[in-house]
Structure formats: C-alpha cells, structure tokens
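By letter and in written order, the chains are A, B and C; residue numbering begins at 1 in each of them.
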Amino acid sequence: MKIITFLSDFGLKSSYVSQMKGIALSMTDAKLVDISHEITHHNIYEGAFVLKTIIPYFPVGTVHIGVVDPGVGNSRKGIVVTTSTHIFVGPDNGLLIPAAKKLGKFTVYEIKNQELMLNNVSNTFHGRDIFTPVAAHILNGVYFDEIGPIIKNYVDLNFEITEIKNKIVMGQIIYIDGFGNIITNIEKYKIRPLLEYDKELIIFTGTKKIKLPFVKTYSSVKKGEALATIGSNDYLEISVNQGNASKLLNVKAGDKVKIFLA
Amino acid sequence: MKIITFLSDFGLKSSYVSQMKGIALSMTDAKLVDISHEITHHNIYEGAFVLKTIIPYFPVGTVHIGVVDPGVGNSRKGIVVTTSTHIFVGPDNGLLIPAAKKLGKFTVYEIKNQELMLNNVSNTFHGRDIFTPVAAHILNGVYFDEIGPIIKNYVDLNFEITEIKNKIVMGQIIYIDGFGNIITNIEKYKIRPLLEYDKELIIFTGTKKIKLPFVKTYSSVKKGEALATIGSNDYLEISVNQGNASKLLNVKAGDKVKIFLA
Amino acid sequence: MKIITFLSDFGLKSSYVSQMKGIALSMTDAKLVDISHEITHHNIYEGAFVLKTIIPYFPVGTVHIGVVDPGVGNSRKGIVVTTSTHIFVGPDNGLLIPAAKKLGKFTVYEIKNQELMLNNVSNTFHGRDIFTPVAAHILNGVYFDEIGPIIKNYVDLNFEITEIKNKIVMGQIIYIDGFGNIITNIEKYKIRPLLEYDKELIIFTGTKKIKLPFVKTYSSVKKGEALATIGSNDYLEISVNQGNASKLLNVKAGDKVKIFLA
C-alpha cells in the first residue's frame, strides 16, 4: 500500500491542499492522509513538532510531504530526507529533520532533477509544483540518487535541547494543542527517572509560578484543576482537567519553562 | 470494501486524528472517512447527535470510532457496540448509544483483551492506543466475543425524550450547525401528524417567544426571515433563510424549547 | 481510478460532508477528496473561484460535486456540466461554470431523472440526496442523456471581466486566501505583456492607494513589505511577505481595484 501524508500551514479554506492531492492522484494510486494544515503560518518549529509526533504510527514506506515554507521562491533548497523506514519531502528549513532524527540515521538529498517537477514551477507554491510530484515519483520507484546530490549542510532546529541540573529542568514550550494542553520539549525518558507519579513539582513560566501534581492522566485530578503528566507523545505536558491550561498560564509556543522537582 | 469513520473533539490543528489514521493504515487497507473533529470539547451529547445523523448513509459493515472522552484514563470502560449493520468503538459514556439505537437491536461488549490494543497504552489517548486497533482488528475478522464480555450496564444519554400534550411540545436543542440552524430533539415522525406545512407555530426559548411559519425549506420565506422546518436529519429545525437563527434567538445546545402548535 | 471531489460551504463541524461521503461509498469505490468546505456561507462567487483553481491538477474523469446552494429547495435547477475531461455536479447558480469554461467547450444537463436520486429527497440538502448519487451513477456508467435534457439558459457569473486601457487595469478582488493574500480577477496572460518584473505599479482600492514592486515571489521583498506578484493560480495577487495583505489594505472579496502600470 502506498501512502502520502500532507502537513502544511495552508489552512483548509483555500484549495492549496487539494491542488497537491490532485497532482498526487494524477501520478499514483496512493492513499492520502492529512496530518494537519492548521500549523501557525510560517511556524517551522510547530510544524516540525507535529510532524515528529505522527512518525511512530505510520507504516514503513510512507512518504511525508511537509510544507511550512516562508522562504519559498528564494534560494532555500528543496530536500528529500530518507531513513530506514519513512521518507520526507519539503523545504530545507529544519521542518523535516526532527521527525527524521527520531527514526535514527538519515540522509538528505537536494532536489535538483527538474524532470521530477511539474513543467511550470511557480515561484510561490513548491508544495504543489515540486514536493508532491517528487513524492509521487519516489512511490513510483525513482532512485534517490536521481533526485539530486546528498548534502550535509542542511538546516536543523535542534529543538529538544533541555538542561537538567540539581533537580531543576530548563526547557521550552513547543506546542499548545487544541484543548489548550501545554506540551514542553522535555522528553519522558529524561524526566521519568527523576520524578514519581503523585509527587508535586513547581513550574515557572515567564511571569507565573505554579505548584502541580505529577499524575498519570487528566482525570487524576478534579475537573478544572491543573496537573502535569506525560502526554500521549511522551513529552511532559501541563494540563487542566477538562479545561484550558494555556489560558490559565497565559503562555505560548516558544516560551521558556523552568521546573523544580521536589 | 472496508470503511472506518472517525468522530472526535480533537480539532484538526493537532496530529491526534492522523495518529489514529496511521494506526488504521498500518493494520488494514480500509477507507478512512472523517465525520467531524470539531465536536465541542468534552461535549458527549453533541458528539452523540452528530454520530447518529450519519448512520443512514454508510454501507453495511462500516466501523465507526467515536472519541469524545473526558474520562480517559480513569475507570470508564471502553466498548464495542454491534448492530445488525454497523459497528461502533469508543468510550462507555453514552456517545455511541443513540446511533446504535437508531439501527434497532444492539449489543455492548467491554474491551478487555489487551492483545487487541497497542503494546504501550497511554493514559490520555485511548482513541489511538485502544479504539483504533480494536476497530482494525474487527475489520480483520476478530470475533466479537474475543473483545471482552457483554455488558448491560452501559451508560446511556436518553436524549430524545420529548413530551407532547394538548398541542404543546416540550423538547430541547441538541445541536447548532455551522450555519446557525437550531436543531431540536423533536423528531419528524412525532410532529408531522400534528402540523401541516404553511401553518404557524410559536416557539418559546428561555427568554424569547417567536411566531414562525412551518415550511418545506429555507427559501420558502424571504432572505433574513425566520422559519421552522424538518431538517435534513428529520428533526424539527429553526432557521433563518441565509441567516443565523442561533444568533437571532440567542440559544445554545442544551436549552429547552416549548412549542405551541396552532 | 474513480475520483469524486467535494466543495461546499458546510464547514467541518457538522456531519453534512460525511453524509455525502457515506452515500458515495455506498455506491462506488471512488477516492474522495475535499477541495474546501470553508467557502463563506452562500458565497457562490468565492466557491466558483476555488473550484476553478483546482481544475488543472486532477486526472481526466474526475467528478466534482459543488454545493454552495442558498436556493436549495426552491425552483433553482440541479445540473451536470460535462467537458472533454472533467464532470461537475451541483446547483444551477453559476458555481460550476467558471471551472467548466476553463476546460473549453462544455454541455449543461438539467438533473431530472428521479431514479438517479435518493428515494426521499429532502428540501434542504440536495448535495446528499441528489448531487452525490448522480455523481456516483456517472462514475458507474450512466449515460449523460439519462440525466435529463441539455439546457442553454444556465446561470453564469462572468466573473473574469476586466478592462485594460492606457496602462490602467480595472478589476476586482475575487478571493482572500488563508494567509491574507489578495487575489484579483486579473489573469496572468492579460497583464504580463504589459508589465516587467521588478517594475513598480500603483494600486487603488476603495480608500487606499499604494505603490508596490511587481516581483517574482513573496521573499523578493523584505519580511513585512507589500508586493504584487503572479500567484500560483495565475492571477495578479497582492501580498505582504510573511504578513497579511488583506488587513493592510482593509479589503474583501468583491471590492474593485484599479491598477496603474508605470
């Protein structure tokens, strides 16, 4: 089974996403799956996080197209990133790399072969004119070395760098989900050895300091109460049971957090 | 043809829905159809209504996954509801039952068999870790009695209880659609014997009283005028032709309505 | 491969779109693709533009269902529009015609044959009860002349009429996309012979007058600066690099524009 996924900041009002799907269906019989098209406009960081979260769940051989692309039409490269299981196609701006890293070793090819693109490449929409036809050609059997040269100087975001010292964790908010849950860049495997369930921790954000129980799930506390938990993507998450934690703490993606473990 | 549908309150910004789809495509070649992911957060009642409305239109054998699940991770059960034609998978909180009832007799199985779940079940996302793999296993031929025991004490919402006496109908608003149409829980088969088209009726809401013509369709009245009609899902509906009835009457899902038939 | 696309103003909160998809999957094994369901309610003009933009990208034989239908249930006709490559199904209100025109010669059939519709046609939802089953029957091999008679007096919008005289172009805004890019009805082939890249032009809207560089892509100017370019759908577009041009100029779809070429 062939699968292409699509992630972008295009929204669903315009036809940009469906134009890409039309190309994909003109060239393959792949199944097409939307990851999200509501990434905050031009927010590569947020797009990279969302793309990374879906990686464990798709079958081997899936091709992922990511288009959060504020530099379209200028000199930024287009790339294909190959791993042992999944393939990524999109701009060379860091968007694809965290997802690829999660899969271990990876190789970055610059897209140079114009025969793999649409005949008339626009200056404003490479998702349709380059990335989607390249993804379809890959599913149809094109060899990676026909795409273009391997490059080493690709752009990276390094967005999972945290610091843990003396039971103080310095991290960052990388995502606010649709429920208002605050997802940090602090990974489960780093914090679980230091913290038991049902203990308390203290979180500082820019302007707020709050003591929270570290619990197994949202409903471990009463409706409306705040909590910290390991979210379903294995990051430390700050939530309010059936409420909106991002409003309570007045934070946004990109804000720093400092956590004191008791 | 295998079909899985998805209904949730996850929204489309996050990757939660696509994580479920990745699992589904890792286990089956089913066609995947979104019902809605914009159910008001944690509003089981609204989700149950929307799920019920699609039942007449899908082929026999469709498996529907519903995830409006404020109690995830606590002691609420996961269930599979089987009918003579469709199958439902989701939390035991009432979400699935109105749709199942519409299809006649149904049986509720508690999901107990851990072999049908993902290896690591999170505490916050049973839609991905339990309901989707169970749905896929069902399409792949698992017997219902391998899922778990039949239970009788499932949660029900009973949301279609109306009272009709002396040409006065007591009911409730169960949904406001994207156009602002107000959909009540008063079913066509109950009210049509009492009411002819082009007669008037009077509707009381909490604070407003309004006289409306009962007509065949929106455009039976002038643009901007209010009306009552039988909506496309066979419930009594209050609308404004090319306008927004919910703003006019200032009502929301859950509000009571009292209707005087002339 | 069979493909049905769906365009509507239904939004994604309600189940209207999925009810149509259920019908389509009950009758065919077509691939189903969403174009957009976030057309502004009842805005036929905007829907016609969006539908037109996707035409170059879908394979021959695709059937497109368009439902922006403020006149549903009154005397407006339902139509099928056939071209040499694509087929359109929807209301006779102008929605389908610009897309069909783009493909050259076309023929308009009125939908009259009740055997191609659902058994119980509602007064409020012809997208589900008429247009989707007709689309499925077409993919299943129904002859066009079984649908109903050819009609000549179909409704048209004529929305691409512009006037160019003495280097002054009179046009109209036909769409604001999700990024706030302002798309005019001035087509590339009309304006490119008159205008070179990196020249300036002056745009008058109702209340504002602004001088802009005409450039190849958004990032040809600095972040936050305004520009004019040929957008990815080959219309003249006014944008702000990584910003929102519609807020800057305070315009909306339907507004007139007057452009002075230097």
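One rule holds in what follows: a residue touches a chain if its C-beta (ideal position, glycine included) is under 8 Å from a C-beta of that chain, and two chains touch if they have at least 3 such contacts.
The structure displayed is predicted, hence computed values, not measured ones.
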- Message: If I superpose subunit A onto subunit B using their CA atoms, what angle of rotation comes out, to the nearest 5 degrees?
- Response: 120
- Taking all residue numbers at the subunit A to subunit C contact, is the shared part over half or under half, that is, same or different? different
- What is the distance, in whole Å, between the centres of subunit A and subunit C, each centre taken as the mean of its C-alpha atoms? 31
- Message: Quick check: what residues of subunit C touch more than one other chain, meaning two or more?
- Response: 12
- Query: Which residues, counting only subunit A, touch subunit C once they are in their complex?
  - Reply: 10-16, 18-23, 25-26, 29, 32, 41-42, 70-74, 122-125, 128-129
- Item | subunit B - residues contacting subunit C, complex | 1, 3, 5, 12, 31, 33-39, 50-51, 53-54, 56-59, 62, 175, 177-179, 216-220, 229-232, 242
